[in-house]
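Both complexes shown next keep chain A, but they swap its partner, so chain B is in the first and chain C is in the second.
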Partner chain A sequence: MFMTSFWEEIGKDKTVKYLLIIPVIVALVGVVIYPFAYSIWLSLHDVTIMNYFHPPFSGVDNFVRVFSDPFFWNSIRVTFTYVFLATVMELLLGFLLASLMNRNVKGTAVFIYPLIAPLALSPVVVGLMFRMGLNRLYGPISYYLNLLNLPRNLLSDVNTALLTLVAIDIWQWTPFVFVILYAGLQALPKEPFEAALMDGASGRQRLRYITLPLLKPVLAVAIIFRIMDSFKTFDIVFILTKGGPGKSTETISIFIQRMAMVQGNVGLGAATTLLVLVLITVLTQVYVKYFSLGEKKR
Partner chain B sequence: MKRKTMGNVLTYIILLLASIVALIPILWTFHLSIKPESLLYSLPPVWKFKPSLEHYVKVFTYYPFAKYILNSIIITTVSTLITLAVSFPAAYSIGRFKTGGGNFSFWVLSIRMLPPIVFAVPMFLLMQSYGLLDTWWALILVYLTFNIPLAVWILKSFIEDLPVECEEAAMLDGCSRLKAMIIITFPLIAPALIAVAILNFIFSWNEFLFALILTFTEARTVQIGVAEFVTGYAIIWGAIAAAGCIAIIPTLAFTMLARRYLVRGLTMGTVREEI
Partner chain C sequence: MLKGKRWLSITMVVVVLGVMFVAGSVWASPGDKTTIHILVRTGAEADGMKVAADYYNKNVTPQTGINVVIDEIGRHGYLTRVVTMLLGRSPKYDAAFLLSNYVGEAASAGVIEPLDGYFADKQLYPYDKEKVGFLPVSFKSVEYKGQIYAFPFVISTMFLYYRKDLIDDPEKLNTWDGFLDMAKQFTRSHNPDSPTEFGTVMQGKPGECMPKEWYVYFWSFGGKFFDENWKPQFNSPAAVEALQYKVDLVRKYKVAPPDVDTYEYMEVLSALATGKVPFAIQWDAAYGDIQRQTGGTMMNIAIRQTPCKSGVDPAAFTHTWTFPINAYSKHKKEAFKFLAWMTSDPEGSLWVAKKMTIPLPTKQVFFNPDVLSVNPQWEYMFEFMKAYGQAEVAIPEWPMIHDTINTFFSMAFAGEITPQAACDLVNTKVDDIMRRGGYYNK
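On to the complex of A and B.
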């Protein structure tokens, strides 16, 4: 009698739906919540490599020190510059390529393969590729730049290092924006464009009043993902410059890595990660809710 | 009509140029990997030579690169399997019943948005205290942080696209909800599971930061293996190029294979169109 009611209870939708998400909750508590709780604890203690497990309580000291560290503000500035330049360029180029591809000119379909290839590469390999290519002595890029009398030490010059990293980001991730916008453009209804043509709308008018508004949800997705992913950038910078020359390419990720892993100031590193966490959470929540991402659009 | 032809030619040329720009660094790396050692550093760069496999041989004989490949395969496979096992039921629950409302699923999505460095600091200490540093399990567990959100969101998008009627019909015939999920939904969603597995593989295979800080010798992955050829004294070009080519072949192949699901995968199921 008890068993039947037990199984009946489990069979009910309102019970099943909670049973089914238990595994994912357990997993996420283990690999996300628990480390974060630990991070909060670390950020409130003066943790260094000497005293990992019994550090003295230090209150909000770490946060005060992070906020008064000029390198922290430098890394914020570097990160935002990187994110802004990369995202804007990738959107423009990606939209251009997607629109061209969307014209369905004969013989261009095959270009999809080379155009998505950079997406598949690991950032490490991309970083090393360009590190060799830009090598001051033997790299072909710097060799040919030199032949053209252009500056060749792109990565060791404070003025060009960050821009070079941005250029590499653009090389690898423009394809990301391209595929998303191309998929979005292909799915647009044909009727509004035909109607606009009948009414004699110019190319620019069609772009401004039909394409862009219809493409807005897809554009929003491309933008948020590029902002978040370029904000994360670690690998490429680590491989190519490790934040240098000086601190001119030290992004927030590199700053935290230097703090916590290189200098052993784990508490400071944890405090910085929490600040980043708050920043990202607020950004995502606002953005995601504003554009209602992931809602079924029918 | 002449203007249109001009436009088409211009379109073709721009797309061709963009394709060349996208491919050149990759082709150059491959070219470098089969270039004899004696010509690697010659200036001006030598473009024509008799190809040699010496760097590939070197990578596998002088360095434990084969072991790194094995480590990567084991770590990505186990992490992917765990991900699928916990994500499919959750995605079903969220997709069908909106369990937890918008907030829960957005929270899951926002995990994907966090910079990995945020996890790196606590993870290093936790793995150390549990004695998991430099083991497969360290990376298997850490990779769940980005694999699970990806899997839940993509599977959720597929389940939402699936008509409810199939399950309802089975349930009218006396199936329980769970049984309907397993015998009706699961097979219908199989292609999506494969797509998710491929995407998980690509992201885990390419991961660098966690592999860098959580492994030292035993559990090192392919990416670290490639980066290791940059030593304090020299950058071993031939080995980097050869190892780099080996490291990118599986992800390139999978990306082309899973092309249909690429957009859905890259956007976590928020954009569902195919290319």
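On to the complex of A and C.
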């Protein structure tokens, strides 16, 4: 009783309130605001490892250098291809699986656990697994591809390397989309479907006019998560190809890592990061606006 | 009432923070010992260093009062993480395991300690440097502007590993022409009776090793990185010939698996240890790994010099893993003392070499009979490096140059550009890097 009234009274005291939020403010400044401001500062200086503590001011030079670097544009192209293919395929497959599971056929629950197993693996483990599996000399995946008369050098061919990485991403992250959509489907109200059945709506019509509109908010979450996550994909690419062969799989994350950490061009890396941040922010805003407009119309 | 409670709560917060601070300070200072933290990458190095630290803490700490803790971080991206840690100016780690290529860069940033003064101090370095006998090439690799910045710790080179049961006359592998002929002989697309599908493998994945393996070809075709005025020579006839030869092994003659541009140390090691190829150029560390994987039998695998062009000397690539001391460490002298014991002490360095099977680049270690009985390949390794040892150039710009080579050579391996174009592009970029670095004006 005493303690309850003690905390209630403390809660009314403004000074204590401010005192208690200081740690959060400090954490926010430390992990978000300061690094962001520091990135801007770095991007405006010609920072390398060698002059790290006394870099000369270079204005927008880094941004000009990034824009005129063909490897930057290549990495943007590679990233967008990766994000688009991976997200679309994961959505389609995830939705298909969720719909199948949602039919509540007896025994299907057994399949859920193996289905979501890839989610439990870290990208590094997945990368190492496929690195060994696809090896031409002793990889089991390569062996079976050979038995099926299919191409075996998937990661070393500029035409197939990126598609192989996308396929691995799909293998790992489709379960994530499946889980979200399955939960969404399970939560949908039954009445609209029953009414549609009474009105003689076909399966296709029910999907288009009831399931998808009702599922839109859940789909929006799944899409935004997958876009943001695949946009910053690093581990799998780093372990499997490091951007090769040539530059065919160099995503924007690998490009930034190469600029800032391998070459030591920290200023250039910071400028690229900010450009990507702007790009993602714009894309996200457009996307959110689109989905919000959809809500209003409805 | 409220005012009293407010002060009570503030006092409580202050008391809790005070207790935590005092407890932390007590836990952080174990008696009168000084604890130093050494950062090492996960794997054989960290495992070995932990054994060395245990031995030191049990046997040497009572005299020195220095307690050693080994901290490890993963191998992927290890070097960039160490450089980032050093740039953070954190005193958390007193010394770190770093490749010699990065010493110049870290030294120019001022984040590692110059060690000349420490070496000159008999209290800190009570050993006879001549007697210890560091290989000159290893000390050269840790120098920046005439000052020593790190302890050379592990010297590495590359050998040609070959299967004795398949190759009767290994002398044929002495030249690149012989190497190609033999590779064709052991490739099924050239010789249907070949016991192996491919004649050789190589490290073609962009990263740490691909350029380093190419240097073996480059030097042994007669190439050199710079002329006397620091002008880059990456598109010299020797450079183009070396790259053309290496690319042709995969793309034209197909004597190596077509996916070698995803191969690093691990893939080449597995190909050798499982007998999938009859010979390959590989790091010296693979000798111990193959020994372990084959239960000491070595599967009839032997080592010899890497090939060369007729009329040109072979090249023994050397680089050194080193231990620089963090310039912001609070225990620099203690860290130096431990590193000195580990690399130079007659008892310590031999113990470390024997237990860790690490080739410390000193005569004291290389010529010790006990050490040689465990690592017989070291005698050959020492002679090979002494006769033909070559190293990358110890300049701070080297990581940038290394990445430039990675970028364009990877494109040549993928068939996107010709080896000539790749060499020209590398040379232009390196020229720009050197000009920006102030090595010359025009």
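What to note about this one:
Simple rule for what comes next: the second predicted complex is superposed on the first by the 263 of 298 C-alpha atoms of A that agree within 3 Å, B and C clash if a C-alpha of one lies under 4 Å from a C-alpha of the other, contacts with A are read in each partner's own complex, and residues count from 1 in each chain.
The rule is short, and it goes like this: a residue touches a chain if its C-beta (ideal position, glycine included) is under 8 Å from a C-beta of that chain, and two chains touch if they have at least 3 such contacts.
Computed from a predicted model, the values in this text were never measured in an experiment.
Clashing of chain B with chain C is the outcome of superposition onto chain A. Legend: residue contacts after superposition of the two complexes on their common chain; A:Tyr138 is shown touching both chain B and chain C. In the superposition on chain A, contact of A:Phe84 is made with neither chain B nor chain C.
Judged by the touch definition given at the top, the superposed model places A:Val218 against chain B, while chain C stays out of reach.
Contacts of A:Met261 after superposition on the shared chain: both chain B and chain C are touched.
Using the contact criterion defined above for the overlaid structures, shared-chain residue A:Lys242 touches chain C, although it does not reach chain B. When the shared chain is aligned, chain C comes close enough to touch A:Ile49, but chain B does not.
Of the two partner chains placed around the shared chain by superposition, chain B and chain C are both touched by A:Val16. By the touch criterion stated above, A:Pro123 is placed in contact with chain B alone, chain C being left untouched.
Shared contact residues of chain A, touching chain B in one structure and chain C in the other: 10, 12-13, 16, 19, 52-53, 124, 131, 135, 137-138, 238-239, 257, 261. In the complex of the two chains, the chain C residues touching chain A come out as 1-2, 5-6, 9-10, 13, 76-77, 80, 83-84, 87, 105-106, 108-111, 197-198, 201, 205-207, 257-262, 267, 270-271, 274, 276-277, 396, 399-400, 402-403, 407, 410-411, 413-416.
Partner chain B is touched in their complex by these residues of chain A: 10-13, 16-21, 23-28, 30-32, 34-36, 38-39, 42, 52-53, 96-97, 100-101, 103, 105-108, 111-126, 128-133, 135, 137-138, 140, 143, 171, 175-176, 179-180, 182-184, 186-187, 217-218, 221-222, 224-225, 228, 231-232, 234-235, 238-239, 252-253, 256-257, 260-261, 266, 269-270, 273, 276-277, 280-281, 284-285, 288-289, 293-294, 296. Note for the complex: chain A touches chain C at residues 6, 9-10, 12-13, 15-16, 19, 49-53, 71, 124, 131, 134-138, 152-153, 155-158, 238-248, 257-258, 261-265.
If you check the complex, the residues on chain B that touch chain A are 7-8, 11-12, 14-16, 18-23, 25-26, 28-29, 32, 40-41, 43-45, 82, 85-87, 89-90, 92-94, 96-97, 99-100, 104-106, 108-111, 113-126, 128-129, 141-142, 144-145, 148, 152-153, 157, 160, 176-178, 202, 205-206, 208-209, 212-213, 223, 226-227, 230, 235, 237, 240-241, 244, 247-248, 251-252, 254-256, 259, 262-263, 266-271, 273-275.
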